[in-house]
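Note that chain A is present in both complexes that follow, paired respectively with chain B and with chain C.
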Partner chain A sequence: MRRRLPDVTVYDLRLASPLALFFAAFFAAPLAALLGLSLKGPDGTLGLAQYAAFLGDPFSLGVLGATLWLGLKVTLVCLILGYPLALVATRAGGRVRGLVILAVLTPLLTSVVIRTFAWIVILGRQGVVNGALASLGVSGPPLRLLYAEGGLVAALAQVQMPLMVLPLMTALARIDPSLWDASEALGAGRWRTFRRVTLPLSLPGLIAGSVLTFAAAISGFITQSLIGGGQMLFMPGYIYQQAIALQNWPFAAAMSVIFLVAVLAVIVAFNALGRLARGYAQT
Partner chain B sequence: MSRPPGALDRLSFEIVVALLAGAALILLLAPTVIVLVVSFTDGLSLRFPPPGYSLRWYGELAEAWQLHFALRNSLTVAAAATLLSVGLGVMASLAVARSPRLAARLLDSLFLSPLVLPALAFGLSSLMFFSLLGWPVSVTTLVIGHTVVCVPYVVRNTVAALTQLQPVLLEGSASLGASRLYTLRRITLPLIRPGVLSGGFLAFMASFDNIPVSLFLRDAATDMLPIRMWQDLEGRLDVTIAALSGVLIVATMAGIAVMERLTGLSKRLA
Partner chain C sequence: MILDRRRLLTTALSLGAMELFPGLSLAQARPLVFATFTGSWEEAHKAVLVPAFRKETGNAPIVLDPMLSVDQIAKVSAARANPPIDVMLHDPGPALTAQAQDLVEPYPVERSASFKDLIPDAQEATGPAAFFQVVGLTYNPDTVRTKPTSWADLWRPEYKGRVGITNMNSTLGTGFMVEIAKMHGGSEANIDPAFKAMEALKPNLSAVAANPGALATLFQQGQVDISPGNFNAIQILKAKGVPVEFVAPKEGAIAFKTAIQIVRNSPNRDLAFKLIEAAISEPVQTRLMQAPYLIVPTNAKVTMSGEIAQVLARDTDDLRRKFVFQDWKAINAQRAAWMERFNREIKL
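Moving on to the complex of A and B:
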């Protein structure tokens, strides 16, 4: 009689319990504490007073709106520049591909403070951009790039671009190159092949990259505070200000919950959009 | 019938793609290059290109004891958080990687969720939680907070390595009479080592660079390097920070090169 071999490829799920317990204690419980504290009203009673205060205040709503809008703009810039880079790297293969990956990895692993610091050097009054304009003979006062939205979007796009390019490269590498040849043989040009074959097939990577870029851009506290300066306020800076400078913990907690829910809503929307587009591409 | 697209279609597509990809590369690399060049200035300002070159700011860096203190704290916390992340993360990855059960899928998503969650909200909630418990902030609370945000890197890379592992190798080992533990030790762990190493490397870098969690969980005794740099930059633009950035950039690139050798880091990420 043949002895049944134990299935060695699957491990006991109980091996996950140390990390699961760790997450329950130090991830889920803190978030529960956050939720609990956010329900504490100014007079100590339980209720939704903090939420009402945030949602009834046009200034606070404006900060939330500006934060989500900033995230979308950064994601779009990363997509427009990152997609072609991923496409070139995937098609090139070999040495070029390796070089592009290193070019993407180096900034990804360089400290965010350093990358942001570089943008201060580039965008400042005596910075690279203003210096170049002056030496080209463009007269007038130096451009205000630091503490301005355009500069912030550029800096955040650089900081988050690797998060877009890497998933896109993974998705593009999975496409069978013979599909491109087939599309061309059937008479579709490059643009049409891109629109009808490459883009739909790369959607999973595009969605994953967009979600990561968006999430990182709206919570990019350091870049927001150093490049945006005091004039532009976004949710992370607002939460930090309320929690640390004003010690208004219940309000900061309610803001954090609203921020978390807004982020999750946008991520769900991204994913739904992806499914919708995939369904459309298959018809 | 429409005419088949001609050379113009091909040319315009290739030019647009090449231009945008080139712009992306410049955007990615220029800031690093500019910081490196500026750090060798002999002047007091962060002008680019610098008026002259010298090593004076690297000399100043050697005297900056506040930065040394913060660097030591950051390295300690990052090392501890990485060890904890790898230990907990690898065990959890073994459990969830090949399991067909729904619970495994849910746990996998849970362990990866700190990646998309705004870390600042998590940092604040940790501070509230520890103060409810009456735990003062310390190196321990920092390590715990960092581990939560670093574990996803270990889990993602280890799970990926485990899914690429050929099941037939494990079955072969078992059919030759090896116990489960022996198979794990002699077959599974050596084969997934590159994935674990690159996950650990990314976890270390994520902890070393973390601000949103450290911001809430440290005090004067546990000053962390990125926070010290951030606060220095808010106050005044200091060329010493440029020199420090230069050192860190070179150290990071060396780390990437070593990891590329050991684990094929770039293949793992793309």
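Moving on to the complex of A and C:
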């Protein structure tokens, strides 16, 4: 009888065990500790008191809602500005493509703190935007851009843009260009080709990009506190305040768990929306 | 030596572990870790306090680890048995918190040479006040023509949209609110009048900064022209050429004692004591008072001179007369509730 050759498509599970151990020690265990801490009530008893305190408080729910809403707005801006960019970069030839990739990647190599400070310079009362408006002869008091939500969305969108464009470019590059030719040869216009061919086929990249941008925007503590200021409260700053300034660790832990669940819910919704859209596109 | 695969792997793993957990190999004798504040404080301590400590101890190893008070407390209370810090630096609020959470060793007053030289307000048995921080009004002299004289000037209509404050997370923000409450009939126990006054201040507010550092940046950007501000923070901006001035309001500048404390269970208790002795000694405080550091001394033997004598106080008596000290025990009792209230009420 012939000796059976080892199956090269299956790897020993033990190969994954170092990573599994690493995740268990540095991801699962702290998360479990966080969950345990969040169950500690103000009087030391175990229970859901911290969760009740957060979920029963309209102000706290408002902060959670504002944070998720901020993430959605930033994701939308990134999508509207990033998709055409990714499309141009993929369909254009060598040099333009290289330039776009360079333009997208360069900000990634700069620290978020520095990019955020640049936005302070741009948005300030005597900043680039207000300066340009004044020199154009637009009268009136300077626009309030810094410490306002519009400025925050713009800054976050710029800071997180690469996270949207790169997955989109990967997805778009995987589309066989002859599909576009075929679509046009069969009489579909550009818009129809985009709607029926390009968009559905790029959905995996679009969803990956949206999830990354959303997650990064809602947790962007530095940009939120420097551009948003102390009067606009979002979940990361709120959790920091409770945990560090007020030393209220159980409440901060409960807030973190609620935040985590809310974010997971939004991400699940993104994915469901993607599936739905794909189904629609194929009919 | 033959490098086989197994030996290579062992070496790589142990090197990796040492990199990940540097404490493993240094468990017996780690250097003294002093958690100072960031920015000008770190610079001043590196330039003046650390050399004095080295001279006193024959070059004992010391590490500066700059971070905020609240972060120091979080780190130490997360590892009480084996704290990563030996000496903490605290504003009055966090100092009391650290004490209440039993994170602090009592200061060995009877062994101290300089403790009795400190002015009475600085003689704290849990950790002497090694420095004062002073909060007054800061303004841009290019845009604010008449020099402000009172906290009440922030409410003047000509500063519409030009005023900056910080929220109550910081000592600066909380101390300012308490002072405003006092001006309107409140106290450390009754902050209501300050919140009422904040309602009236809203049209003037341009920014509620997340922390005093961010507030200082706003002067640089021309976003604000007048704000409550820290004397030392303004000196850095001035040195950079930013048009900004400090003035002590006629109600009195607020003084915060900056306590320096030995962490409970510190393995370097003796070195920690020596560092604090150096910090409260006359020569170190005299040097720290001069430019460019301009840190207000707590040792009564130090003769006030230079910018500090001109702008703040000529001597210790003058200092005690002009400075307002707040009751942080009363403030701490309600501070959490005030911060929550500030979150809710101060929206622009």
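Some points to look at:
As a convention for this text, the second predicted complex is superposed on the first by the 272 of 283 C-alpha atoms of A that agree within 3 Å, B and C clash if a C-alpha of one lies under 4 Å from a C-alpha of the other, contacts with A are read in each partner's own complex, and residues count from 1 in each chain.
Keep this in mind: contacts are C-beta pairs under 8 Å (C-beta built on N, C-alpha and C of every residue); 3 or more make two chains touch, one makes a residue touch a chain.
The model shown is predicted, which means the values in this text are computed figures rather than measured ones.
Model built by superposing both complexes on chain A: chain B and chain C clash. By the touch criterion defined above, A:192 lies against chain B but remains apart from chain C after alignment on the C-alpha atoms of chain A.
Look at A:134: by the touch rule set out above, it reaches neither chain B nor chain C.
When the shared chain is aligned, chain C comes close enough to touch A:146, but chain B does not. Between chain B and chain C, B contacts the larger number of chain A residues. Once the two complexes are laid over each other on the shared chain, residue contacts for A:179 go to neither chain B nor chain C.
In the superposition on chain A, A:276 makes contact with neither chain B nor chain C.
By the touch criterion stated above, A:52 is placed in contact with neither chain B nor chain C. Look at A:125: by the touch rule set out above, it reaches chain C but stays clear of chain B. Contacts of A:261 after superposition on the shared chain: neither chain B nor chain C is touched.
Once the two complexes are laid over each other on the shared chain, residue contacts for A:243 go to chain B and to chain C alike. Comparing the two complexes, residues 117, 120-121, 124, 126-127, 225-226, 243-244 of chain A contact chain B in one case and chain C in the other. By the touch rule above, chain C contacts chain A in their complex via residues 68, 70-71, 73-74, 77, 97, 101, 161, 166-167, 169, 206-211, 214, 217, 221-223, 336, 339, 343-344, 346-348. In the complex of the two chains, the chain A residues touching chain C come out as 59, 117, 120-121, 124-127, 141, 144, 146-147, 225-226, 229-231, 233, 237-238, 241, 243-248. Residues of chain A touching chain B in their complex: 5-6, 8-16, 18-20, 22-23, 26-27, 29-31, 33-34, 37, 80-85, 87-89, 98, 100-107, 109-122, 124, 126-128, 131, 154, 157-158, 161-162, 165-166, 169-170, 173, 187-192, 194, 211-212, 215, 218-219, 221-222, 225-226, 235-236, 239-240, 243-244, 249, 252-253, 256-257, 259-260, 263, 267.
If you check the complex, the residues on chain B that touch chain A are 4-6, 9-10, 12-14, 16-21, 23-25, 27-32, 34-35, 38, 45-48, 88-89, 91-92, 94-101, 103-104, 107, 110-111, 114-122, 124-129, 132, 144-145, 147-148, 151, 167, 170-171, 173-175, 180, 183, 202, 205, 208-209, 211-212, 215-216, 226, 229-230, 233-234, 237, 241-242, 245, 248-249, 252-253, 255-256, 260, 265-266, 269-270.
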